[in-house]
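I've put the structures underneath this note.
Two complexes are shown next, each including chain A; its partner changes from chain B in the first to chain C in the second.
And now, the complex of A and B:
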C-alpha cells in the first residue's frame, strides 16, 4: 500500500526531480569549469592567495546558493498542488490507511527525493573538489553550502504546509513565516561562518517536517 | 448488530451563523439504495462530507458500520466506495496507472468490471485522465469503485457534467451491480429523473429540515397532485393543514397533499370552495419533488 502512495507521488514529481537533478549536475559542472578557467588563466600564486586570504569566495561554490531552494519549491508544488485541485486530497484521505501516515509517507518520499538529489550533487561536488583542493578547503566549502541545502528542505516543508492549508488567510500567515525564516539560511557568509548555527538550523528543519500534518488535520475537520 | 450501513443521529451543523441543518437523523439499511434529494444549499454535500469524515458536525454523529465517521478504521474505509462530486480522480494518471495504484489498497479488488467499462471508452492506453471528456472520466471513476467491490457506495452528485447517454449508462450499470451484489448506496444527484431509476428510498431535505424520509414507492403512492380551477381566484387554501404545497397561477391551482382525493373534495365542499375541472395529476419523482419543495 505504501509503495502505491510512493508510486503516485513519483508520477507527480518525476520530471521535476529529473530536471532538478540535471540542474544540480550542470551547476557542479559550471563551478569546476570556472575553477579550471581560473587555474588556466590566473597565476597559481594569485589563486592560492585568493583562497587563503579572501575566504568568502575561494571558489565559485556560491552558484549552489539558490539551486536547492528552486528544486525544492518545484518538487513541493508538483507534489502538493495537484492534491488541492478540486480537493483531490480527499481521495488520499479516503484510502484504507491512516490519514496521518499517508501524509507522512508523501512527505518522506518528497524529502527523500530531495535528499537523494542533494546527495548526488554533493558527492559529485566533493569528488571533483578533492581533485583540485585539499580536504580542509573542501570541508569548509561543504559547511558553507550546508545551510543552502537545509534551506531546500525548509522550503519543501513550508511549501507543503502552505499549499495544503485550506484557508487563504492562514496561507498568507504561513507565507509571512516562510519569508522570515528562509533568508536565515541564505545569508552570504564567509567560509565556515554558519558552523555554530548549523545544528540549530538542522533541528529547526527536522521540526518543520511534520508541519504538513497540521494542514491535513485542518482539512479533515472541514476548515474552509 | 444493527442492519444499518449508515446511522446518522441528531446532526447539527452551521457555516458561521448560517444553520445548515438541525437534529438531522436518518438511517440507511444494508442492501438499500437511498437518494438524498434537496435544492442547492440544503446540505447534501455537507452531509456527504460528514459521512466521509471531511467535516466535523457541530453536534451529533454519523456511524458507518458502527464506527464514527470522523474516525473510520482503514478496514472500514476499505468497505466504502466514494465518488466525489464531479468524478474527481488523479487526472495525472492514465487508466493503467490508476488501476495499478488503487488495486494495492483493496483486498477484494477485481479489475474485470473496470476493464469492461474501459473497453467501451475510445481512449488510448497512455492517454491521461486529464485529457478525457467528463463522461469518460465518470466511467473511470465508476469502474474503480466497482473494482474495489465495496459494501457501501457513497456517490456525491454522480450526474454532474454527464450527458444523458452517460448518465443512463452510469445508472443502469450501478443499479444492476448493486442489486446483484446486495450493495448499499447512498447518493445525491441534482437530476431527479436519474434518481427515479436508481433509488429505493429517499430523503428529501429543505433548508434546516427534512421534508420526507421513506421508500420511493410509498412516497409516490401517497403524495398526490390535484389540479383544479377556482371560481374565485382570491381564495387561499395554502395554510390548510392537509396542504403540503400549492402553486396558483390566476385561478388554476396545483395542490400537493398526502390526503386522498375523497378527503380533498370533501374539504372543498365543506368549505364551500367553488371549483371546476378537478382532477388528480400523475407525477414522476421530479414532479413530486418540485411539488414538495416548491418551485422557488
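And now, the complex of A and C:
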C-alpha cells in the first residue's frame, strides 16, 4: 500500500523533480564557469581578495539564491495541486491507512526528493569550490547558501499547506504568513553572516514539516 | 498531532508578524535623528557644535548662535582649505606659528562601529612585502592563515607553499608564539602608504607584530601589562606615522601602539566601548577629539598630543523609545524581532522586548475580543485557553496568528 502511495507521488512530481535537479546542476555549473572565466581574465589572488575583503559573493551568480525556492514551489504544486482537483485527496483518505500517516508519507517523500536534489547540488558545489578555493572560503560559502536550501523546504511545506487548504480566504491568509516568514531565510548578508541564525532556522524548518496535517485535517472535516 | 501542527503554524505566524509589523510601523512613522558634530576649538578652548537638523546649526557649548564663517574660524585645523580660500587662516594659534602643510600631517580621522566588531572576519590574509623597493605595494599571490602553524596558500594552485609556511612558522614558534592565532589585525589593502604587516593575538593572549621584510619573516612580541585583553585592534595608516594602531581593551580603555619602540600609550579617556558605541577619533596638531556615539547620546572627550585629558562634553537626545512614535509602538507591540541589527553584521534573531508594559493593555483588549469570537463560534472556552494565553503573551501577533489558523474543528 505504502509503495503504491509513494509511486503515485513519484508519478506526479517526476518531471518537475528531474527539471529542478537539472536546473540546479546547470546553475552550479554556471557559477563555476563564470569563476573559471574570472580566474583566467583577472589574477587569481585578486579574485580571492574580492571574496575575502570586498564582499564578492561568487555563489550568488545565476540567481542561485532562488533556485531551491523555485524548485520546491514547483514540486509542491505538482504534488498537491492535482489532489485538490475534484478533491482527489479523498481517495487517499478512503484507503485503509491512517489519514495523517498517509499525508505524512506524501510530505516525507516530497521532502526526501528535495533533500536528494539539494544534496546533489551541494556536493557538486562543494567539490567544484574545493578546486578553486581554500577551505575557509568554501566553508563561508556553504554557510551562506545553507539558509537558501532550508528556505526550499519551508516553501515546500507552506505551499503544501496553502494548496491543500479548502477555503480561499484562508489560503490567502496563509500566503501572507508565508510572505512574512520566508524572507527570514533570504536576507542579503555577508559571507558567514548567517552562522548564528542557522540552528534556529533549522529548527523552524523541521517543525514546519507537519504543517500539511493542519490543512489536511480541515479538508477531511469538510471545511468549505 | 494536528493540534501540534496548528500551534507550530501559530508560532510561525507570530515570528513572521513580530518581524514584519514593527518594521512596517517604523517605516511609516519613525522620524530620523542626526547626531550633532561636537568638536573642540583650539581657538576658544571650548566645544563648538554643528547640529545638521536644527535651525541654529552652528553654536558653541552655551548655545550661542554662530555664523558658518565664525564656526569655521573656530576650527581652523579642520576647515583649513576654506579659511585659506577666504584669506582668513590665522598665521599662529595659541602663540605657535602654524605651517599649514606641517599641521596637515597631524590630521587624522578614524571611525569604528559596533557592526564592524561583530562581523564575520576573513580567515585568510595577504602578507605584503614591506620593503619591496617599489613605490606602490603589490598584491601577493598567496594568502596566509594561522592555525596550528602559519600557512601560505597559493591562489593560482590552491596549494600550501610549504617552504614559506615552514619558515614563518618556525620563526613564530621560536619567538614564543602560541598557535593558533585568535585575532589577526592589519590593513589588508594595497591602497595604503606603506605596509606594516599585522598585529596578531595568539592563543596565550600575547601580542605579536608580524610582517615580511625582503621575503623574510619579521616577528616582534609586544610587551603587554598583565591581563590586558583587547576587544579590537585597529591598525591605522596616518600621515604622521606616530602610531601602528588604536587598541581597545576589554575594560573600555583606549591605547595606541607606537612604532619602533612598541610602547603602549594610554589615552586618558573612559568608557570607550566599541562593542556598543560608534567611536570616532579626530586628531589634529593640538588635540584628539575622541567621540563616542550611542543610542541617545553623544560624548566628546578631548586629549592633547600627550594623551592627557583636556575637557569633555556630552549631550543626550531622544531615542525612538522615548519619542511619541516609539511610545505608541510600545503600546502596540510586546516585542520587535529583527534579523539584522545596527550593532551587528550577523544575521540572527535579535529580539528587543518592549521598554514598558503598555502592550499588556492591548493584550487584555484582544483577549476580550477573542472571548467574543469564541462565543460567536459557539466553542467551549476550555479548549481555547491556550489561545487566550498566547494572546496574553504575544499581544497583537498572537491574536492575528490564532485567527489565521483557527481551531474550528480541533477540540
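Simple rule for what comes next: the second predicted complex is superposed on the first by the 216 of 224 C-alpha atoms of A that agree within 3 Å, B and C clash if a C-alpha of one lies under 4 Å from a C-alpha of the other, contacts with A are read in each partner's own complex, and residues count from 1 in each chain.
Note that contacts are C-beta pairs under 8 Å (C-beta built on N, C-alpha and C of every residue); 3 or more make two chains touch, one makes a residue touch a chain.
A quick note: this is a predicted structure, and the numbers were derived from the prediction, not measured.
Asker: Looking at the combined model built on chain A, do chain B and chain C fit side by side or clash?
Answerer: Once both complexes are aligned on chain A, chain B and chain C fit side by side.
Asker: Tell me which touches more residues of chain A here: chain C or chain B.
Answerer: C
Asker: How wide is the angle at chain A between chain B and chain C, using CA centres, rounded to the nearest 10°?
Answerer: 140
Asker: One more residue to check, A:96. First (chain B), second (chain C), both or neither?
Answerer: Touch status of A:96: first partner only.
Asker: Which of the two partners, first being chain B and second being chain C, lies in contact with A:137: first, second, both, or neither?
Answerer: second
Asker: Would you check which partner chain A:219 touches, where first means chain B only, second means chain C only, and both and neither mean what they say?
Answerer: First partner only, chain B.
Asker: A:177 contacts which: chain B (first), chain C (second), both, neither?
Answerer: A:177 contacts chain C only, not chain B.
Asker: Looking at the overlay, does A:12 come into contact with chain B only (first), chain C only (second), both, or neither?
Answerer: Touch status of A:12: first partner only.
Asker: Give, as a whole number of angstrom, the minimum Cα separation of chain B and chain C in the superposed three-chain arrangement.
Answerer: 9
Asker: What residues on chain A does chain C touch that chain B touches too?
Answerer: The answer is residues 221 of chain A.
Asker: Can you check the complex and tell me which residues of chain B touch chain A?
Answerer: It comes out as residues 49, 52-56, 74-75, 77-78, 80, 82, 84, 86, 88-93, 97, 100-102, 104-106.
Asker: Which residues of chain A touch chain B once you look at their complex with the stated criterion?
Answerer: Within the complex, chain A contacts chain B at residues 1, 3-4, 7-8, 11-12, 82, 86-88, 90-91, 93-98, 219-222.
Asker: Quick check: in the complex, which residue numbers of chain A touch chain C?
Answerer: Interface residues on the chain A side: 43-49, 52-53, 100, 130-134, 136-137, 140, 161, 170, 173-174, 176-177, 179-181, 184, 187, 189-197, 200, 204, 207-208, 210-214, 217-218, 221, 223.
Asker: Which residues of chain C touch chain A in the complex?
Answerer: Touch list, chain C to chain A: 1-2, 4-6, 8-9, 11-13, 15-17, 19-20, 119-120, 122-126, 139-143, 145, 153, 155-156, 158, 188-189, 339-340, 345-349, 401, 404-405, 408-410.
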